[in-house]
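Before any comments, here is the structure.
As written, the chain order gives the labels A, B, C, D and E, with residue 1 at the start of each chain.
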């Protein structure tokens, strides 16, 4: 059973012209942007720290590996205690969700930098900032960006899940209400719009990557 | 402190701090106790759930689902990643589609999958596999695209067939990234397992248990489940790390 | 549909809400006893049929059942009122073949430190309410009766779990809940019940019952009849005073304390036996009329669902006759 | 087989029999660095007889490696023509081998597996293949290191492993890009002798880039001297001596002085630095 | 500054002034290959005076690179002791530099940026830094290639860029691992002269591994001859000649013969192959 495409089109048009779509999209994007920026920044920093410092690794790695397996939804009751139900709580959820993939990918990328490159940096005792900017960053660009892309996806997913639990707006809420109200065309509109937004977001990450890895031959 | 003890002590420091904070919070007020179940109560629930078999049963069910899906989604992800990493044509055609679909939350698929495939185990497996698929496909693609020209040239020199180039150059050089992908997928499939258990019709699984406990405001049970999910994920990761070290023994050991 | 059954398969799929217990999911509302009892299986077997029970968690009961109905993977289901109206609005024709008068209470609870005494005191305050769920209609009716509108409050759309957390942490001022949940909160000293449907007209309460897919019903009326008879047998068993404690204990599935269950169950003016009556009361029809109207008015459904033919009592009547239970329940019609 | 010493005397050797003739005519190659086009090779003409040993010497950056890459077909973007036995070179082929300047062992394979790489596309029985690998590892003194990974090798050992890989499948034409650069004097002399032995026995056409003029003269039938800015053939020196040669031969000494003189004719700036060495970038 | 020729006469030079003394005592190093332990360096004792130029020669795989890595502190897992000016070496330090055997330029940086890497840890004004980089690129003949990426360089150019990087921050002790291996004869002579000039002017202690015995003798105050299986110091040859030297000096020729004789004393198998070169793996 499938909803006829023209009905999906009509619904999409109706949602768009009534301004409802815009309301949902902008609410979601706002939460996503804030959450993702926070989560991935902290994630990348943590990933680098765990890969570079043996003590940080010892301190965080076991907890990190445990906690990153746990669905964010499990933290919701805790988060509601500390954050406002409206926006900040969802932003925190997105941040947590995008933190883990970014941190893991960064950690692995930094760890996999060939020993020969690290040795040069050690030899010249590069200050941490230069080391990060001139060695770690370029050597890990593709992998870290892959991690960020996954983080974005997971943040997006969790946002939708959070919006399902608590929201008046947002694409997740729109889709969830579509499901509750058995309006599959609305769900499909959500699928199309989220896919499209994701595609555009992802495309910008890919373009960024191309810019940052010009040195690669072939 | 002996040098041997130090790593273990450091590893435990963080959890210990969290636990301490937890206990303190749980004593703040009844409202806090609602979210921060006292440690002692969590412990008791843990013992109960362990002794009546709940925990093992539910965890087993989830584990089986997650791993099956990891196997399915992961291998398809690697296969497609390899294919798109190697063929520019495939990359141009398939990647945008994958990227677009990747952004649609499971929740979006849920009604459609339910309508098309029903609410059974198959549908659940499909969605979890999908979540394991994305990280592997992405990382594999990246790995395949990062093949160094220097090595590709050696393959050309010795007249490697496409298959040989794939097996002997592209695959091993992409392997570290593929491992990263699988390890991401491991977490994703765990999370998705819990997610679908929660959003689909009920079957055994930690997700179901967790949701039910949440509905019944049994924060202690939720936390036992959370801890169980975390620890199992950790254990899987460790196992996986051993495999990785074995397959990547050509890399010089990392000295910090 | 790929995983739907083959046309020649003689299986009736019946969905029911489940709660976990001892590591397994258990059906609520007596289905577990029907399974245990074995009568239904035996009767179906005589006709060469089988019953397949589809477990559905409470949190997603409505959508999952509706999707199953639409995909023809579910033939009959025990679930709530608003979702069935939504299903019909979506083009799935249903019949309520076993109504139940053991209707569900709706509660409005405020934080323990709240000074609010009446709904008016909450004007402009934040109320946690999961939109699109069955209890929305009942609560809306209450609000309406007080001369207010939902817009007079700041409605925070969260599910019950998140809502309870929000209430205990003071992030919302009040919450709309159903069944024993409100008493659980109140007994823990986290909330105070401000209002409930305890003393409200019967038609305000939530209604659950057994629904059958019209298509299936037309194709296999005899099978539906057998299932209905099993449900009526079950209702008869439950309605006996000697089984009261067992029935109450079903409410504690999923860990709800018995005390809270008892308090919620006591909020019913009907005598114990009548609560299980499968005979449709005018209140039920009135309830569905309101729900259908409310759903359309608030945009939950795109068209107004005609619920005048929803209730089909023929099967229940046949069952009471077959089971020789005429007169056990007073027929509200009379 | 007749006395290789006689066979290898260029004067006595028939030039048209056998295969492995390389004919380069009017070859030019350009690169772009930062948007600026740079001519690396300019009008190279060179005819190499089957089974000949040609040494190439020239200043750093004059295009020697580039020339070898073009000959083996790794790079097909050039002007002019390269022919192998009259067929135009249009890609790599198993009949042409190359020892890279950097060893290019696959880091994920053991040394033995790295050598096996060159044999993968020949249908050989497993035992024969294994024997060939073992023999060639022994030949370069790595018999004990078949199971080591490249990161566990010293620089010279890695280079020797790369030589084993290039020799094991006996190409008709073998290009060697400073193959002995990282070897100590003694090992070098030994590997030179081995190279020469294989060359004489298998009749391989060899083209070797080296910085060691002695080595170029000791091994080469001819020595091609290149100049840079852009890379051109400055001179071709015939070494009319039978193989194996006596390193102390006065002819070799004379030729060495000639070649060094040719190499130092390189224009240079007055400030004493080396700015003039690499080819200049032209806009 | 007084006449460097006199200053550099080892007999005249005061040994205790200045800094950059390296004292190695009882140094041993083990590696594991495939689970088997292998002794790479065994009981190395060597005291290097501040400002001395020590050349190291030895067969491939005897542990020369390993020794340099230990001296600069890249590897701290060894037995015995290494002291720099009486402080125990416990890691890398800017006062010790190294030119790696493989060039190790960062592929994502231009040549100029690669050289800048060595200066990042020093607070220098930007103009001064840029000037230093430009000077050192010119020194090694890469003035025009500051903006090129490593893959755009020839092998010798990459090696020269690595030398520029090692020289630019003027370490007290500079270890060089076959720095001139990929350079043609002429460039080599020029870079040798530059190295010598810098050494004489800056008073750097230099430790250079080379396979060219002539080079070792031309530059070194002393030449350390190593033997393999396991790596040991076979002999230390003093070169009692002031700098810069005359390559044709009879003393150098005599010493060269001595060193070559020492190097060829290496035990060898009878089958003519080189199996005995690398250290044997011991269980």
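Details
The rule is short, and it goes like this: contacts are C-beta pairs under 8 Å (C-beta built on N, C-alpha and C of every residue); 3 or more make two chains touch, one makes a residue touch a chain.
Everything numeric in this text was worked out from a predicted model, so none of it was measured.
By the document's definition of touch, common neighbours of chain B and chain E comprise A, D.
Just to note, of B-C and A-C, the chains joined by more C-beta pairs in contact are B-C. Per-chain CA centroids place chain D at a distance of 27 Å from chain E. Chain D has its Cα centroid 51 Å from the Cα centroid of chain B. Between chain C and chain D the centroid-to-centroid distance comes to 86 Å (mean Cα coordinates, whole Å). Contacts with at least two other chains are made by residues 31, 34-35, 111, 115-116, 149, 198, 214, 251-252, 255 of chain B. Among the residues of chain C, those touching two or more other chains are numbered 1, 63, 67, 70-71, 161, 165, 168-169. Residue positions 102, 151 of chain E each touch two or more of the other chains.
The touching residues of chain A, counted against chain E in their complex, run 116-117, 119-127, 130, 134-135, 138-139, 213, 215-217. Chain contact summary for the complex, chain A toward chain C: residues 1, 76-77, 80-82, 84-86, 164-168, 173, 177, 179-184.
Only residues 1-4, 15, 18-20, 22-25, 54-60, 63-64, 67-68, 70-71, 73, 112, 160-161, 164-165, 168-170, 181, 184-185, 188-190, 254-256 of chain C touch chain B when the two sit together in their complex. The part of chain E that touches chain A in the complex is made up of residues 72, 74, 91-94, 97-98, 100, 102, 104, 106-109, 113, 117-118, 120-121, 149, 151, 169. Remark: chain C residues 1, 62-63, 66-67, 70-71, 83, 86-87, 89-90, 92, 131-133, 155-159, 161-163, 165-166, 168-169, 171-172, 300-302 touch chain A in the complex.
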